[in-house]
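Shared chain: chain A. Partners: chain B in the first complex, chain C in the second.
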Partner chain A sequence: MFEFFAHHSKLIDQIGINALLALSLSISLRAGSLALAQAAFMGIAAYVSSIGAVHLGWNLGGAALAGALAAALVAAVLALPIGRLRGVFLAIATIGFGEITRIIAINWPITGGAEGLSGIPNDANTLSIYGTLAVVGFAIFLFGRTKLALAVAATREDESAARGVGIDVAGVRMGTLVAGAIVAGLAGALYAHSNFFITPGDFGFGRMEQVLVMCVIGGVTSSLGAVLGALLMTVLPELVRFLHDYREVSSGAILLGIILFSPAGIAGLWQRRT
Partner chain B sequence: MLVQQLANGVFLGAVYALFAIGYTLIFGVLDILNLAHAAIFMLAAFVALSLAGLGVPLVLAFALALVVAGLLGVLLDRVAFAPLRRRNAGTLVPLISSIGAAIIMQGVARGIWGPDEQRFPANALSTAEIHIGSLTVGALDVVILAIALVLMGVLSYVLRSTALGRSIRAVAADRVAAALLGVDIERTIALTFFIASALGGAAGILIGLQYNSVSLDMGARIELKGLAIIILGGMGSVTGAVIGAFLLGAVETLSVAYISSSYRDAIAFGVMFLILVLRPTGLFGKRALRAA
Partner chain C sequence: MTSLGFAEQLVVDRVSVRYGGVLALDAVSLEVPPATVVGLIGPNGAGKTTLINAVTGVVRPASGTIALGEARLDRLSQHRVARAGIARTYQNIRLFGALSVADNVRAGAYRRRGTLSDDAVRELLTRAMVRDHELERRAGTLPYGEQRRLEIARALASEPHVLLLDEPAAGMNPRESGELRALIRAVARLGTGILLVEHDMSLVTAVCDHVLVLNFGETIAQGTPAQVARDPAVIEAYLGTGAADSEHR
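After this line comes the complex of A and B, so read on.
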């Protein structure tokens, strides 16, 4: 058992970080906004926490909090101009924001450019990653029992009706974007501190696509689903590794098979029966 | 200098337009974003390159690769979209199935052509240049522009003046009403996929010729730009996509010339972001806001 963990600790850490990312996106999706800036928030926090650790000697806790705070601030500012956007228009505006962030990271000397930033202390371990996941999961659980969670669900289901009963729709959208950014930021800081180095390419559209897949495979608005989606989509490439040359084709086929079998995602498998 | 840059922008914009039209046609008819469009774009370029490598004349290789791309589009619809359409799965789920299909196509391309960038056979491409005053343009660029414009013209004719075009527009406007009026929905959707994917494939081949380079990641590089263009143009609007494409081509070449090549894409996306903030449904979007 111990050997299993020692052997796969990298993969186990990756699952935890991906679960945080999938949760962060599901927070935004829960308010019905298809804001796809998670990879950018992750990257901003990864760079802030790494630069702090490398140049200023911050410890993991401080670096992660500073990173999450930076991501939250950027999200709060971003929420203002994109407030009127919905659906695919919101999606593409936020993807564009992600690309701009990535290009700035490539060209800004302090980030180490396209070659990446190295020498990040490797002080995030399985305990800190899963500890963070547990805290975030518990916070989401607690939030689900408040009245505010109903306001979020109402905003998703019918925006005009929500506004009609006095819900501050713009506030709900900004709040979920910022909350999602904090979680993505924590994931980004943990990601940076469990790798020796990061590059802007780690936080591009490919990453965003991956997070979206995890979330939808999980079941869009279900937290447990998001975590299971992250688990499945992180382990899948490892499971098909033995197929060598056919590994890309088979992971694509499995993804396609799952989504065609259960369009409501993993969560749809149990939600259908209740 | 400015005229030269604008000319370069036109060459770039024409290929962007072909790619974006395919995207926007499928969105217009089905309301879904097809993220496998860029994979077909890349596959078509490889097919044309392989045919040219076998000694097939370039014109014929181009035409055959177009047909392959179109058929791939039909297959894509059958496998990744049609089953979800029958179950009314919304718009986010088909997005994911198209990502799955794109991963498969990427894997197939890697299996057949390997991971490295490839070039068209030497002497297959003309390197002649045409001088008009101080303006220098490649003969190849002119041919590419002409092909792109002809394809756009054909599409515009098909959409406006043929029975198929009427069916496509009817299904885009209201699928249920179109079905009641006797339009064969599945056949129309299949033909839309054929046309859209053939145009995307044409863009892939032309860009492969323009830069004399075909690679696995060429789709990823144009994918987001294509999305930006169709959003700017107002989702589902073919004219809007063409205008958006030339606009993006101009913004890119001008920002390389006058600002900085390293910030080219950031400026392009910045302009898009700004336009969206000012006009939340795109420059030419007349449709109501749609939920994703």
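After this line comes the complex of A and C, so read on.
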């Protein structure tokens, strides 16, 4: 048992970080917003926490909180111009925001540019990653029992009718974007602090797409589904290493299969279909 | 439950709404006092839905005021109008389709403190004459008539001062619209003011205390249902020029 963990600790940590990312996206998706800025939020927090750790000597806790806070602030500002966008338009605008963030990271001297930022203290371990995941999961569970969770679901179903019962739709959308940014920010800080070094490419469109696939496979509005999607999509490429250069095909095939046979994702397999 | 005497009066005072160069509503005034059913009728394009949209904050009046008791509504955003105590149903049903019947009713009570118990939800379903009390059923899977009634249950859940019903009888069979009549009267009896937009004249005649007739954005007549039905301007608006003359001959 211990040997298994020792051998696969890197992979286990990666699953935890990806689960956090998938959860962060599912928070926005629950309100019906296809806001694809998670990779950018992750990157902002990764750089803020790493620069703080490298240059100012912050410890992991402080660095992660500062990173999450920075991501949240950026999300709150981003929420204003994208407030009126929906669906595909929102997706395109937020992907554009992600690209802007990546290009700033490449060109701003303090980030180390395209070559990356190295020397980040490697102080995030399995315990801190899964501890964070547990806290975030519990917070989402508690939130699900409040009246605000109903406001989020109603916003997803019909914005106009939601306003008609007194729900502040713009507030709900901004709130979910910021909450998602905090979780993505924690994931980004943990990622940086378990990897010695980061580059802007770690937080580009490829990462965003990966997270979206996890959520779609898990079932877009289910937290447990998001975690399972992250587990599957992180482990699968390792299991099919024998396919060598073709192993990326496996994730594409799974995505296609899920969309064709269980559009509600893995969560759809246990959720009631009435 | 809204108890008698606590509802506020809705007052629309000389409200005009412009869509670009088109004057969709021209200085329309109306009042919906507590425990009263006010009918709003008129041909298609007369401005009925525009008036509802102005009251609920969907469109902003170019001039005029809208107030609920002491509170001005005409500068508020949609969700603040709802929180002030104006509930509505929609011409095309707008339920939260993927959510349960119970969650739809609970969402209706969003402006109130706390959340509704299952018993409170069942009581509202009973009041709105929803037959199926399977609380966990997805609202979108209910039959059409049940969806209409569930929408009314959701609106009642907010304990509104004023309830706006936008063509609630559309698509209902005669038996269902007979039940709707009883439901509207029962809601008004408990103190809620109701503004009813409806094409079904027999329903309007049966439940309304007061009727306002719009045509091309202007009020062309108002009074009791019987007075309005006799009004030459109303007959002309509905049947065309000449019809009123032949009626008088």
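Throughout what follows, the second predicted complex is superposed on the first by the 263 of 274 C-alpha atoms of A that agree within 3 Å, B and C clash if a C-alpha of one lies under 4 Å from a C-alpha of the other, contacts with A are read in each partner's own complex, and residues count from 1 in each chain.
Everything below uses one rule, namely that a contact is a pair of C-beta atoms (placed from the backbone, for glycine too) under 8 Å apart; a residue touches a chain by one contact, two chains touch by 3 or more.
Because the structure is a prediction, the values reported are computed rather than measured.
Colleague: Which partner chains sit in contact with A:A151 here, chain B, chain C, both or neither? Use first/second/both/neither.
Modeller: After superposing on A, A:A151 lies in contact with chain C but is clear of chain B.
Colleague: For A:L34, select first, second, both or neither according to whether it touches chain B, chain C, the two together, or no partner.
Modeller: Touch partner of A:L34: chain B, not chain C.
Colleague: Which partner does A:I104 reach: the first (chain B), the second (chain C), both, or neither?
Modeller: first
Colleague: In the superposed arrangement, does A:Y246 touch chain B (first), chain C (second), both or neither?
Modeller: Touch status of A:Y246: first partner only.
Colleague: Between chain C and chain B, which one touches more residues of chain A when both complexes sit on the common chain A?
Modeller: Counting residues of chain A touched by each partner, the higher count goes to B.
Colleague: Touch check for A:L255: first (chain B), second (chain C), both, or neither?
Modeller: A:L255 sits against chain B, while chain C stays out of touch.
Colleague: Indicate the residue numbers of chain A shared between its chain B interface and its chain C interface, in ascending order.
Modeller: Shared contact residues on chain A: none.
Colleague: Residue numbers of chain C touching chain A in their complex, please.
Modeller: Those residues of chain C that touch chain A are 56, 77-80, 82-83, 87-88, 90, 94-99, 103, 106-108, 110-111, 114-115, 137-138, 141, 154, 158.
Colleague: Where on chain A is chain B touching in the complex?
Modeller: 32, 34, 81-82, 84-93, 95-97, 99-100, 103-104, 106-107, 205-206, 209, 212-213, 216-217, 220, 245-253, 255-256, 259-260, 263
Colleague: Hey, which residues of chain B end up touching chain A in the complex?
Modeller: 27, 33, 35, 79-80, 83-84, 87, 89-90, 92-93, 95-97, 99-108, 110-111, 220, 223-224, 227-228, 231, 235, 262-263, 265-266, 269-270, 272-273, 276-277, 280-282, 289-292
Colleague: Along chain A, where are the residues that touch chain C in the complex?
Modeller: The touching residues are 147, 150-151, 153-154, 157-158, 160-169, 274.
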